[in-house]
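Note that subunit A is present in both complexes that follow, paired respectively with subunit B and with subunit C.
Now for the complex of A and B:
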């Protein structure tokens, strides 16, 4: 069980790297949605016996993060006619190295944390920290609003990984609520992106700092 | 007697099967493009033709011009002898042979670059410089991959390292090693084996002045290197040690085929990267292998 869980977390860590290293927006969206799907499968692996509520959460997560949210983002991209090149503040190689350094630090740090013995062997905590750090780097280091949304979603994936530690004690309602909030959030951002594009003729967040009458 | 037969069998597999891979890659490329393409055995014909031809030697070139390809070929073959072939095992296996493998690959690269610079042509020097600068990153990735396998299996012998599965980091290792395979064998997106523009060639420009038997040796060495990396990738990711010998041989063959067809598809569907983008992709490959090492180190501590 731990083995296949670690395998999926490894996949998520690799996708973090791809998101940091790719220079095209669709590639980042794809990396993010694949990561969401990998994360969505994890609750199924963590349960020893079949539980319909956990399966429901898993299916909803895979559908939401793997299909609905990427679709909303792609539609926003099409509607606002954003070109797919990213504009990095932090170059790709430095952000890759930052993300990798963060992951290594997360793995080293997780050994020092007082975890429950059943979680000591799994990579859940380092994987969660690594995704959160990757999300931060993407949020800080990219100029376009859509890529910042992707950074935010990867950050949320990290928090979701943390949440998996408590899956047995979190009510279904909380999980469903988070997922719904996220989808609505991305939906709203899709509309806002369109508005920004119309008002400023660009999605560059640097231009949002100057006020207009 | 058995030992000699074993060595001969390995030599036959490596020497005779290796030129098949470029043929299969070209067939896949032709198939995607809707052409008929050269026959799968084309490289065998090319090698036979080149072997019969004479050698054109520059008056500037020292004996290194001919010795370089020969030593490079022997080094790659030596590295191949250390790699186990599924159930057939390796010809030579001892503690720490993985280090020898890394060094033999580096020696082969050094010899090709050395022979390339012998004629004093600026293009060859440029190709050699590019090849060596890419190698800095791919070598780091190979060492990280090998370390992760060694941590996972607790051994430094290739036979023992490649028998079990790569564990939790298998996916990362597969992606990293496949990128390394493409870079090391000068395939798209790092280099285009079909290009004929000296300014953009890497491996091809290094062998531009070679002719006849030395060129045949270089081409054959490149084919062995491709097979070497395909076998390494398959064995690192799949747990061949747990299968029965016949199944392991079948899985190994299927894995090598999948890798070869994958290279062909990458070559048909991707454009070659701009030079300044290459370090980014190679750094990603290195970090993927490094993450596999992290997973082996942390995931194994249960």
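Now for the complex of A and C:
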């Protein structure tokens, strides 16, 4: 069981790097949605026996992160008629290096942290840290609003991984609330992206500096 | 009537003045005068009576029960406030009338009554919270009075500077009162000398009230505010408002325990203010700025007296301390009277000629005999010359200092230099007012405006005459006001002092009367001689100039040249000099300007540096979301590192 869990987390970490290294927005969205589905399956693997509530969470997560959110993003992308990140603040190779360095640092850091013995062997904590870091790199390093949404979602995936440590004590309602929040957030961002595109003829967030005060 | 009823009457009349002020000028004047007279009566009934007036009310304001108290110290200040407040109201009736200033005069009425009322509130309130409320109201009313003529740019600048400086002082007062309330557990103010833990609070009070009083390095707001305000406002600012700072220092040095060094420090601040204030005054060309800097000097004189009293407290309650304090408190009164008189005179000159610059005036004694006479009387008083009131109070301070200097102990080391600096300041003060009088009233008119000056009317003359009367009465009969001063000194630290008039004061009064008779006789004899029929009149010797012109007269800068040279290290004058060359020089220039040294050389650059630092921080806020997230990450990592390091220990 632990091996398959670690495999999924390793997959998620690989998808992080894919998202960092890709300039094409559909690829980033795909990486993000695959990561979301991989994470969605994890609660099923962590439970020893079948629990319908956990299954519900897993199904909802897979549906939300794997299908609904990517669909919304693709629609926004089509409406805005862009599919490439042209001028990132941090280039793709440096982002990749940062992500790889961050992953190594996360593994090293996780060894230093005082974890429970049952979590010590798993990749849960390093994977969570690496995803959070990847999300931040995407948020800081990309100029297009859609890439930033992807960064935000990957950041959220990292937080979700941390949340898995506490799955036994987190009520179902909180999980559902987080998921709902996320969907609404992406929904709103999709609308905003559309509006930005119509108002400014561009999705470049660097041009949105005049409203700072 | 009891003081309470009188105070209620005064407050009611002033409130009626506030309400009626903007619409009915005449009833405003009546109400304000009635309020001033009622307040004066209340103050005098406390000063001449034996008991303090105290009133606990069941009414609460801001969560604190209203507690009012009028004792000797506050009554003395209240009496001064009422005299100057009433006189200024009468003066404003003509000086700042509706006919000349239709927009600002009605506003001025409102704020004037408000100012008198709020200063009265500060004086009678015996609760820290209400004291602060009154203090803030008084600051704001004064701000609106200073900026009455707000169309002019320099007036607005002066108002801002005043507001900022005042609030800097108020910050200290907030710290003072809230710490006091925290340590004693109540906002109520009363004598608490026995609580030694409160000793350091004295420094907070000194800083906070020092800004308002305008002691030397903190005086930056004072010259421009006094110069640019309308003259009746300058009079109440200089005569009463800055005395509220003195009131605070006197009040809380009396009610709280004082540190051992307080006496020396206050004397030092006073002596510095006296000497440097008058050095700046002498170098000014603007009449009202000269008077404003002279106020800094007089605040210094008062603080020397207060410092002497504090020094005596730490030297076993020596009797010379009371003498110095009596001098200081009397000087509060005297300075209020003669400085208000001088500002009224300056206002009269400004009213007649439209300029405050002394180098544009001259020869006004022909056209403005009343103003000339009254201004000169004020000048004699402010120069502390006998037989007027300025001499009496400074002489009491000197007596205190001399007694301290001859006493065996450390006090001598503070008192001796202070006496010397006080004497130097007095000499320069006399020179300053010789200069002002000579430039403005003597010689020939330097400009057309000065030539066409006219005498002021009755509404302006009457308050000047009243204040001049106060100066003369205190000068000739100091024994009359001695009981009032001893009453105030007695309630400073609640000690009994001998009510009988000290022998030197009786002698002084007699000498003053004799001197007056002598001077009057000599003047009458000279007058008769000058008006004798067989006198031959011819121009004075003109040094061989074929065509003397008015521009050849002494200017105010040339009059002050030598003394300004002595103080160049602090005045830092800016000069521009082009000497004449050759046998037929084309053009020669000599310009000299004395800047507001503390403001322009110290506070200005420091504020510019602070502003620059703050502006550079603003660059962090550029509107790029990516960088904001980066700040967040950096902050998070920093916090993480901090936690890890902290956890390792």
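Rule of thumb we're sticking to: the second predicted complex is superposed on the first by the 207 of 213 C-alpha atoms of A that agree within 3 Å, B and C clash if a C-alpha of one lies under 4 Å from a C-alpha of the other, contacts with A are read in each partner's own complex, and residues count from 1 in each chain.
Note that a residue touches a chain if its C-beta (ideal position, glycine included) is under 8 Å from a C-beta of that chain, and two chains touch if they have at least 3 such contacts.
Since the model is a prediction, treat every value here as computed from it, not as a measurement.
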item	value
Overlay on subunit A: subunit C relative to subunit B, clash or fit	fit
Partner chain in contact with A:107 - subunit B first, subunit C second, else both or neither	first
Touched partner set for A:89, first subunit B, second subunit C, both or neither	second
Partner chain(s) touched by A:140 [first = subunit B, second = subunit C, both, neither]	second
Angle at the Cα centre of subunit A, taken between the Cα centres of subunit B and subunit C once the superposition is applied, in steps of 10 degrees	130
Subunit B versus subunit C as contact partner of A:160, first or second or both or neither	neither
Which superposed partner A:13 touches (first subunit B, second subunit C, both, neither)	first
Comparison of subunit B and subunit C by subunit A residues contacted	B
Partner chain in contact with A:148 - subunit B first, subunit C second, else both or neither	second
Minimum C-alpha spacing, chains overlaid - subunit B and subunit C, in Å	22
Residue ranges of subunit A touching subunit C (in the complex, touch as defined)	89, 136, 139-143, 148, 205-206, 208-213
Subunit B partner contacts - residues on subunit A that touch it in the complex	2-3, 6-7, 9-11, 13-14, 17-18, 21, 23, 92-93, 96-97, 100, 103-104, 107, 110-111, 120-121, 123, 126
Of subunit C, residues touching subunit A in the complex	621-627, 629-630, 633
Touching residues (chain side subunit B, partner subunit A) in the complex	167-172, 175, 277, 279-281, 283-284, 287-288, 290-292, 294-295, 297-299, 301-302
